[in-house]
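Letters are used for the chains, namely A, B and C, taken in the order the chains are written, and counting of residues starts over at 1 for each.
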Amino acid sequence: MATRDLLIGAEPVVRLRARRRRWSEDVIKGVLALCALLSVATTVGIVIALFQPAFEFFREVSIVDFLTGTEWTPLFDPQSFGVLPLIVGTISVTLWAAIVCIPFGLGAAIYLSEYARGRTRKILKPALEVLAGVPTVVYGYFALTFVTPLFRDIGLRVEIQNALAAGIVMGVMLIPTVASISEDAMSAVPRDLRDGAYALGSTRLQVATRIVVPSAISGIIASFVLAISRAVGETMIVLLAAGQLPNLTLDPSETIETMTAFIAATGQGDVPTGSIEYMTIFAVGATLFVMTLVMNLFSIRLVRRFREVYE
Amino acid sequence: MIGATPQLKSARRRGELQGKLFQAFLYLSIAVGLVTLGTLVVQVVIRGVEFVDLVLLLESPSADPQIAGARPAILATIYLGLLLIAFTVPIGVGTAIYLEEYADKSRWYNRALEVNIQNLAGVPSIVYGILGLAFLVRGLGLGRVLLAGAMILTLLVLPIVIISAREAIRAVPDTIRQGAYALGATKWQVVSRQVLPAAVPGIATGSILALSRALGETAPLLLVGALTYVAFDPTLLGDFTALPVQIFQWTVRPQEDFKILAGAAIIVLLLILLTLNAFAIWIRNRYQRKW
Amino acid sequence: MRKGLVRKGLVFGAVATLASLTVVASGSASPEARAGSGNTITVDGSSTVGPYVTAAAERFQRASSGARITVGISGTGGGFERFCKGETDLANASRPIKQSEAAICRQNGITYVPFLVANDGLSIVVSKQNTWADCLTVDELKKVWDTGSKVNNWKDIRASFPDVPLKLYGAGTDSGTFDFFTEKINGKSKRSRSDYSATEDDNVTVRGVEGDRGAMGYFGFSYYEENQASLKLLAVDGGSGCIKPNIKTVQAYQYKPLSRPLFVYAKRDSFKRPVVQQFIRYMITNEKTLAKVSKYVSLTDRQLKKSRYQYNQALRIAKR
């Protein structure tokens, strides 16, 4: 029997098998919604996994001591849980990453958006994307085995593991992040604005810096923030090239330890579950999560704003 | 020139100089990235190529770099890849379909879902490792096994698959859907017979790129698996070491030979990723339709 | 063409799932490879003993078919912690089990038997570019490494040393090497300054020391032997003159106070399985070759006899 129905509009008037179809449609919707719920479950899981042990940790160690203490020796006797050396280590590396990826990322974006011709653009854009696709462990290997010796060869006195090599390599890795989001933002600026400026005799430099960049500024800032957030959360490059020595210094030639490196190093070995040392993984993890979350939320809002303005 | 006073001329020249300098800076910006990439590839290849041979592919790791190979790691990476496809594609595409076709965008919980997924895309990979350590390794008692690694990598790249699947689905013009509805199709029929087939190239490309990202990840696997020494082939519920982790372990060894070995393993990893990415691009070019 | 594409996608997906299932199937061929069953031996513990057991495991797996051995380096402390929870079959240790650890094992009903596998002379190393130091006394070492030490320059160690900043690398706190070193040098186990690059992975220490002119580090003798080309070994004066560690001085315990035996502890439950028995037996029978190949100090004849005796005893108990 055919399941054809008499149609008025898109709804069948005579429902021969409509009831069964309805039911299966709901089931399908349910299954799909379940898939979507997995992402919620992931977030809930992350929050529980991080914050429950973190709260237990902060019952034993005062959060003020944690955030303001300058000695990080959780595994030694006497124990000290001041996380500042890890945060400063993270900042030290991120600083150099930003010094590289922000100007060069923006420069690459401006070039691709305002200067490059169609064919050049077609080749260069994917080429830059390749930078983003290289696994981070390979970058770490490169920083350790090539960049640091290079620095030493040209006379910079850096230690075998140092913040500078890690930061700079990380910055190069992040250039595509800044470039592609900035370029997206810039391409959303309507042609008319540019054409008007050119008609008035502006140079490309003027159009780029006085028209396009300011109009796309929220997207551009979003790209900076996102890149910094990635730099903060990056693990392998710093684990290999920056070191495992908590060190409260911004001197880039010294060995330091970032929050991520600490988590990776401690979580690898088998620290006794439930011990205070085990909980440091989660306390530091929670700190890291909060920092990147704030930055990500901020940049998502900015991106939404620039997308709205021109659509 | 009309009114070309000396001041105007020098201003123009200054403007030109400024423009040239700026352009030079822009060229430099592009160059920095590309030159570094080139140096990296060349360096790694020069260093590692002498150890790229059958021994690398067929033998197990060893304390003696001359006979050490990465077979268990390569196999584990391949298995992880297969598991990832089996896990991420149904769940990711399902979520994308739900968000694009079924969800009422005006409801707050659906909007929150979207923001949630965007956030998850930005969470540091090591936090996923912590998640895995807490829930899978210790919580569920799975232990440090291949399955746990696969599950965690799935969660890590799921947002990427979802986002690219959504874009692929969104790119299908609405007229196709309306036409199908007009012919009396149910929602699911529209989705499964019209929208999805049209979106498959985009979904495939996105999934492969996500896979490529996952196979290069190290940090979460360090927390969820990765023993120092694994000399046998991996199984689903067994101990494992994946290729990026093997690279990491060899890089950390001080002997020069192990650095070369690490370089060789990097070459293998890069080749695998290159093949995947080329495949994705091929799919996109061959099957992409312009509406 | 659209339909074909979906079909291709479905086929691919089916293949992927099937392939994954094969992975599962291959796993169930050898009944689940979790700690302590079938042909699997899970080992964890000291990173000093790790390379020795790894070398043994490698050769053993080549010789016998089907054995699957994994070796982790969580440190002696971490190794015992897992061991007394029942997670591992063997625990590598660069010091004997502590009272507190033994109590936990007892609590969990885990009985074990220790085997001597090799000897070690904990070595103090500096960079090859260090031209001024050849021998340090125990007191000087204590001055450097004791808790609260502010010694940051070589000239603070001995006036005749040059003005070179001191960079320290050493074992992490989960490491038996750490426990042993601090006990012998600083007088109390775990008593140590904390501002140095600490790691359970001695390879990291090697790399750190070889790259820095003012560096000093300590680890097991085999790590020095493996990296002789890029490190300089210091002699230690434990009261009877400057002695460098080597096979003779370590076996005779002349290299004071840093000579020590290395252990592998085996769970009696695990020892009931033939593969574990064979592996331990392999290590004991071939210990001279293994020691030579992995650059460890082998057992003295007396120690070897003791190990053999332990093995036979354990075998008898297991067969009951």
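Just so it is clear, a residue touches a chain if its C-beta (ideal position, glycine included) is under 8 Å from a C-beta of that chain, and two chains touch if they have at least 3 such contacts.
On a predicted model such as this, the values are computed, not experimentally measured, just so you know.
Novice: Any idea which two chains share the most contacting C-beta pairs?
Specialist: Among the chain pairs, A-B has the highest number of C-beta contacts.
Novice: Most remote chain relative to chain B, going by C-alpha centroids?
Specialist: Greatest centre separation from chain B goes to chain C.
Novice: With centres defined as the mean C-alpha position, give me the chain B-chain C separation in Å.
Specialist: Here chain B and chain C have centroids separated by 36 Å.
Novice: If you average the CA atoms of chain A and of chain B, how many Å lie between those two points?
Specialist: Taking the average C-alpha coordinate of chain A and of chain B, the gap between them is 14 Å.
Novice: Which residues belonging to chain B are in contact with no fewer than two other chains?
Specialist: Only 90, 252 qualify.
Novice: What are the residues of chain C that contact at least two other chains?
Specialist: 72-73, 204, 207
Novice: Touching two or more other chains, which residues of chain A qualify?
Specialist: none
Novice: Can you tell me which positions in chain A touch chain B when the two form their complex?
Specialist: 4-5, 7, 10, 12, 21, 24-25, 28-29, 31-36, 38-40, 42-43, 45-46, 49-50, 53, 100, 103-108, 110-112, 115, 124, 127-128, 130-131, 133-142, 144-146, 169, 172, 175-176, 203-205, 208-209, 226, 229-230, 232-236, 239-240, 260, 263-264, 267-268, 273, 281-282, 285, 288-289, 292-293, 295-297, 299-300
Novice: If we count contacts the way the header does, which residues on chain C are in touch with chain B in the complex?
Specialist: Per the stated touch rule, the residues are 2-3, 5-6, 9, 12-13, 16-17, 19-20, 23-24, 26-27, 30, 32-35, 40, 42, 50-51, 54-55, 57-58, 61, 68-73, 201, 203-204, 206-207, 210, 226-227, 230, 294.
Novice: Provide the residue numbers of chain C that touch chain A in the complex, in ascending order.
Specialist: On the chain C side, the touching residues are 44, 72-75, 78-79, 81-82, 147, 167, 172-174, 190-192, 194-200, 204, 207-208, 211-212.
Novice: Can you tell me which positions in chain A touch chain C when the two form their complex?
Specialist: Answer in residue numbers: 71, 73, 75-78, 80, 159-161, 243-245, 255, 265, 269-272.
Novice: In the complex of these two chains, what residues of chain B are touching chain C?
Specialist: Listed in rising order, the residues of chain B that touch chain C are 60, 62-63, 79, 82-83, 85-86, 89-90, 143, 145-146, 196-198, 200-201, 204, 227-239, 252-255, 287.
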